[in-house]
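Below you'll find a set of structures to go through.
Consider the two complexes below, in which chain A is the common component and chain B and chain C are the respective partners.
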Partner chain A sequence: MTPQLTQTADVAIPELAGLQRRLLLAGAIGAVLSLAGAFLDLRQFMQSYLMAYMLCLGVTLGCLALGMLHQLSGGAWGVVIRRPIGAASRTLPVMTLLFLPIALGMNHLYIWTNADLVAHDEILQHKHLYLNTPFFLARAALYFIVWNALAYFLNAWSLEQDKTGDEKFARRMQMLSAGGLLAYGFTITFASFDWMMSLEPHWFSTIYGVLILGGQGLSALAFLIIVLAWLSRRAPLDTIVAPAHFHDLGNLMLAFVMLWAYFSFSQYLIIWSGNLPVEIAWYMHRLQTGWRGVGITLIVGHFVAPFVVLLSRQVKRQPELLMKVAVFVLLVRLIDLFWLIAPEFHQAGVSVSWLDAVLPLTLGSIWMAAFVYQLRGRAILPVNDPEFDEALGRIIERGAPQKAAH
Partner chain B sequence: MKTPSLIHGLMAEFDDPTSLVTAAGRAHREGYRCMDAYSPFPIEELHEALGSHHTRLPLIVLVGGLCGCIGGYALQYWSSVIEYPLNIGGKPLHSWPAFIPVTFECTILAAALSCVLGMLALNGLPMPYHPVFNLPRFALASRNRFFLCIEATDPKFDLEATRRFLETLEPREVSTVAD
Partner chain C sequence: MNSVADGLQPIDDSNARVTTGPTPVIAPGHTFGTVTDKISAIVLTRKTPIGWYAGFGTALMFTGLLLVSLTYLVTKGIGIWGNNIPVGWAFDITNFVWWIGIGHAGTLISAILLLLRQTWRTSINRFAEAMTLFAVSCAGIFPLFHTGRPWLGYWLFPYSNTMGLWPQFRSPLIWDVFAVSTYATVSLLFWFVGLIPDLATLRDRSQSPVGRFIYGMLAMGWRGSAHHWHRYETAYLLLAGLATPLVVSVHTVVSFDFAVSIVPGWHTTIFPPYFVAGAIYSGFAMVLTLAIPIRAIYNLEDFITMRHLQNMAKVMLVTGLIVAYGYLTEAFIAWYSGDKYEGFVPMNRMFGPYAVFYWALILCNVVIPQLLWFKKIRLSVASLFIIAIIVNVGMWLERFVIIVLSLHRDFLPSSWGMYSPTFWDWSTFLGTIGLFLSLLFLFLRFLPMISIFEMRTILPEAKVGDQ
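Coming up: the complex of A and B.
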């Protein structure tokens, strides 16, 4: 085994430090621009901030969930991305801090915080038991406690496993992941109801939580493919990551693209069939105005295009090509969040602000800087994982003679 | 025109999967194309070592899936718009969202069926007779031995030269397979 594998990523991949600095600089410039935007139009700022925040949170929680899924399922696909997954989940304290602007500015986002409006609205009065500011904040606190605790213990045990190689930590991580996945399912369902569905408080959709959950899984996979493609061009992963790993990840991304299409269409089919005034209004804001174009863009860009491209075996086995697909998928993830959030603020027709571009870039840069910082602190592969040799053994064995032949 | 050979090919027997993959790779580099490898369990790398020949199966599945998709949609369109138009909940007769689930299921059904049937058509199964079973030791291919067979139909096949080449791969033994 090459010594590079046991070094921290900081030593093994020196470029990471420079990347982190550039990301922080980009984040700082973006933060200044965003603050200027907040003074110019606070409501637009809050709307774009929520969208950007949900994208970053989606990658973070998606990584946490994929990590727990892999603890239970095993497989070579997860061993090579275990460390980026861990690093992403360790950014949860940063995401918790970044939630503060939403908590502070919630009366600019959620109309149910307006007491006058609620007083004249019978439906909102009934929902007041759930949709009120103290309970909203208490629930948010609970979600963040659960997520941070899961990320904390999984990462702490993973570090112990690195140091000692003791198999009991693998067992512990599995036990926690089983309950953790369940907890993630419940918390993300209610968090998506609270933070996004309640933007239109009259409307409800029971599939909304899984729709967001599937989207988070897709965002996380796309992000991890980009990270792995970047890492696989450099030592020490260049001799370890094989086309087979990308093939698996590409197949998983295809599955998540289909899952998203399935959830989205199910929601539409049920509401369209029922055609009830309370439910159908959500689609009427979107499909009978200029927003219709965004919806069609999503059908083509979020389902048809990635679906057709990812059917190809060649695309999935070429890291460069698959990375391009993953970048595209992350972009349409943002458009999907835009489609879920923005029409509630601009019911007359499509309205895109410069903040809709600046805030995702800003939060994305800050989040990425935190991610790179976390990635640098540990070895780039979980070398003491009991699955490690089994998952990579044959590939390392095969890689060695090829290298000697060159 | 040569008279049809009474030999199916030459079979080399190996102890472990790694030797088989190495041997298959060397035989492919040597120029042999008509060959097949046999192992008790699937070996992912073997496919590439043998020179991954493209199969037409994906195309068959794609065409099957598209036929199922169009057929499923057409069936619903014909029944609810042309042949039995019924007003359901005031919705248009051609209500495409309601057609999607059945269209999807028909796509999957037709794609899966064309995959299974296409696979059987392409690999010639079920096959009551195959010459490799003439070799008594070949029974070990389903236990713990790994076999590489270079077939006599290969243009490069030559009983003496090919046997000498196979010997260089350090097999347990090389045997002639009668046709």
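Coming up: the complex of A and C.
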């Protein structure tokens, strides 16, 4: 086994430090621009911030959930991305801090915080029991406690396992993952109701939580494919990651693309055919205005294009190509969040602000810097994982699949 | 086609673990010969157990009851059922959805688990697929006879006719016709194609000329040449690919039957994924309900091991939790919507005249299956069997609650009513269970219930060339 495998990523991949610095710099510049934007148009800032935040949170929580899923299902696809998954989940404290602007600016996002409006609206009065500021904040606190606790314990035990190779940690992680997935399912459902569905407080859809959950899984997979493609170009992973790993991840991404389409179409068909005033309103100001173009873009970009491309075996087995698809998927994930959030603020027609580009880049850079920082601290592969040999050991013994490293 | 096959090359060789480890998928000590002997003997040489005659006889009696019920239905009309206005759908659709759901486990095990390279599926896929076919047959009876004139059933299909009549394509009931008939066709083909190599084995081993003739016809000239195997593998993978979307599509369309209406309790967007999860839940419960006695009666513990039972229990636990998630979001959103009709639905379910059904459903589908979290329970065959039966009952209750409770009290209190099943409702339902079991008994007696050749491939002997 090459010594690089047991070194921390910091030592094994020296470029990471420079990458982190550049990302931080980009984040700092973006932060200044965004702050300027906040002074110019606070409402627009909040709206773009929420969108950017949900994308970053989606990658973070999606990674946490995929990590837990892999603890339960096993399989080689997860072993090679275990470390990036862990690093992504350890950015949760940062994501918790980054929620503060939403908590502080919620009056600019959620019309149900407006007491006058609620006083004249019977339905909103009914919902006041759930949609009120203190309860909203308390729920958010609960979600973050759950997510941070899951990330903390899973990472701490994974580290212990790395040091000692003790099998008991694998068992513990499995137990926590089973309950953790359940907890994630419930918290993300209510978080998506609170933070996104309640933007239009009269509207409701029971599939909404699942739709967001599936989207987070897709964002996380796309992100992990990009990271793995980047890492697989460098020692030590260049001799370990095989096309088959990308093939598996590509298949998973395809499955999540289909899942998203399935959920979205089900929601649309059921609401369209019911045609009830409260429900259809949500689609009316999306489909009978300029927003329609965004919807069509989503059908093509979020489903048809990635679906067709990912059917190809060649694409899934070539890291460079698959990475391009993944970048595209992350972009359409952002457009999907834009579609879910922005029309609530601009019901008359499409409105794209420069902040819709700056804030995702800014939050994305800050988040990525935190991710790279976390990635640097540990070895790039979980060498003491009980599944490690089974998943990769044989490949190492046989030597590199394509490129020879020695 | 090579691309699909190559995509299935395992990168983690879980086969290596098949006979080792604490819970193997096939007991150690078996060889190609013993596997073939053991499975084919059930059909060819072993004396048919007296229990088989007793079981088949009983099942046949209930099938007779089905024939009587259907004959009476055709002569009298569907007024013999308890259906009324406002409860126009009741036992018929409840049983239809229940049976269709049960079929899903077979397709999931045979198609999706095959594509996911889960080798443990091998010993349970054959009879799970058979179960799918029989369940779909039972399911089809209900909507067909609910039309009242089953001999005009072909009117459901769009065909040019002198009456100038076309089905309403916007109705999910028509989508159902296509979804279910496609499902039945693909399931049958998949099952039959999978049987061909084993039918050839039976042909070659059968001592009686009649057996040789019949198995020989069915084996369609299979000689086991490299060409045959190559084509077989390609066809089987293609069919698996075709069957995979059907696992999702059929029950999605079934959920649309309800969800595209505006009836409170039916019109809700979570229905498609939650119906699919419920279908798989009930399907695995049925596989366990059947597998546990079968493995005991035919001494198949070597082939259907604790690993299979455990894995199926885990699938049940997961899908059961998804179903519970569905109940929770449904109830929450019913309140959150602020709509008084929506809000009334959970209240009526929990405290209305049928409350006892609702709470029984929660007990069967949500509370009791949580025992499956414990390894001790998952390793106890008896408790697995009991839980599986409870889930079967729970999933039937779920459909009853969804269908009858939404209809009996809708928007106008003046049009509220009650439903209670008549003797003929019960006799038709029990009759389909009889039909299902009769077909199953025939299957166990005359066809290999476990895929012989696939079992051979998971033996360590088959791994020689892999190293």
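Just so we're on the same page, the second predicted complex is superposed on the first by the 399 of 406 C-alpha atoms of A that agree within 3 Å, B and C clash if a C-alpha of one lies under 4 Å from a C-alpha of the other, contacts with A are read in each partner's own complex, and residues count from 1 in each chain.
FYI, a contact is a pair of C-beta atoms (placed from the backbone, for glycine too) under 8 Å apart; a residue touches a chain by one contact, two chains touch by 3 or more.
Model, not experiment: these values are computed from the prediction.
Chemist: Does the chain A-based superposition show chain B and chain C clashing or fitting?
Modeler: Result for chain B and chain C: clash.
Chemist: Using the touch definition from the top, say if A:A242 reaches chain B (first), chain C (second), both or neither.
Modeler: second
Chemist: More residues of chain A are touched by which partner: chain B or chain C?
Modeler: Counting residues of chain A touched by each partner, the higher count goes to C.
Chemist: Tell me which partner A:G185 touches in the superposition: chain B (first), chain C (second), both or neither.
Modeler: In the superposition, A:G185 contacts chain C only.
Chemist: Tell me which partner A:L269 touches in the superposition: chain B (first), chain C (second), both or neither.
Modeler: both
Chemist: Touch test for A:I207: chain B only (first), chain C only (second), both, or neither?
Modeler: Touch status of A:I207: second partner only.
Chemist: Kindly point out the stretch of chain B, out of 6-14, 24-32, 114-122 or 132-140, that overlaps with chain C after superposition on chain A.
Modeler: For chain B, the clashing option is 114-122.
Chemist: Could you list which residues of chain A make contact with chain B in one structure and with chain C in the other?
Modeler: Of chain A, residues 244, 269, 273, 275, 313, 394 contact chain B in one complex and chain C in the other.
Chemist: Applying the document's contact rule, which stretches of chain A touch chain B when the two form their complex?
Modeler: For this pair, the touching residues of chain A are 244, 265, 268-269, 272-273, 275, 313, 394, 397-398.
Chemist: Would you tell me which residues of chain A are touching chain C in their complex?
Modeler: 74-76, 122-124, 126-127, 130, 178, 182, 185-186, 189, 193, 202, 204-210, 242, 244-245, 247-248, 251, 262-263, 266-267, 269-271, 273-276, 278, 313, 387, 390-391, 394
Chemist: Spell out the part of chain C that touches chain A in their complex, as residue ranges.
Modeler: Its residues touching chain A are 3, 6-7, 9, 11-13, 16, 170, 248, 252, 256, 259-262, 267-273, 321, 325-326, 328-330, 333, 336-339, 373.
Chemist: Please give the residue numbers of chain B that touch chain A in the complex, ascending.
Modeler: Within the complex, chain B touches chain A at residues 18, 44-45, 58, 89, 91, 97-98, 100-101.
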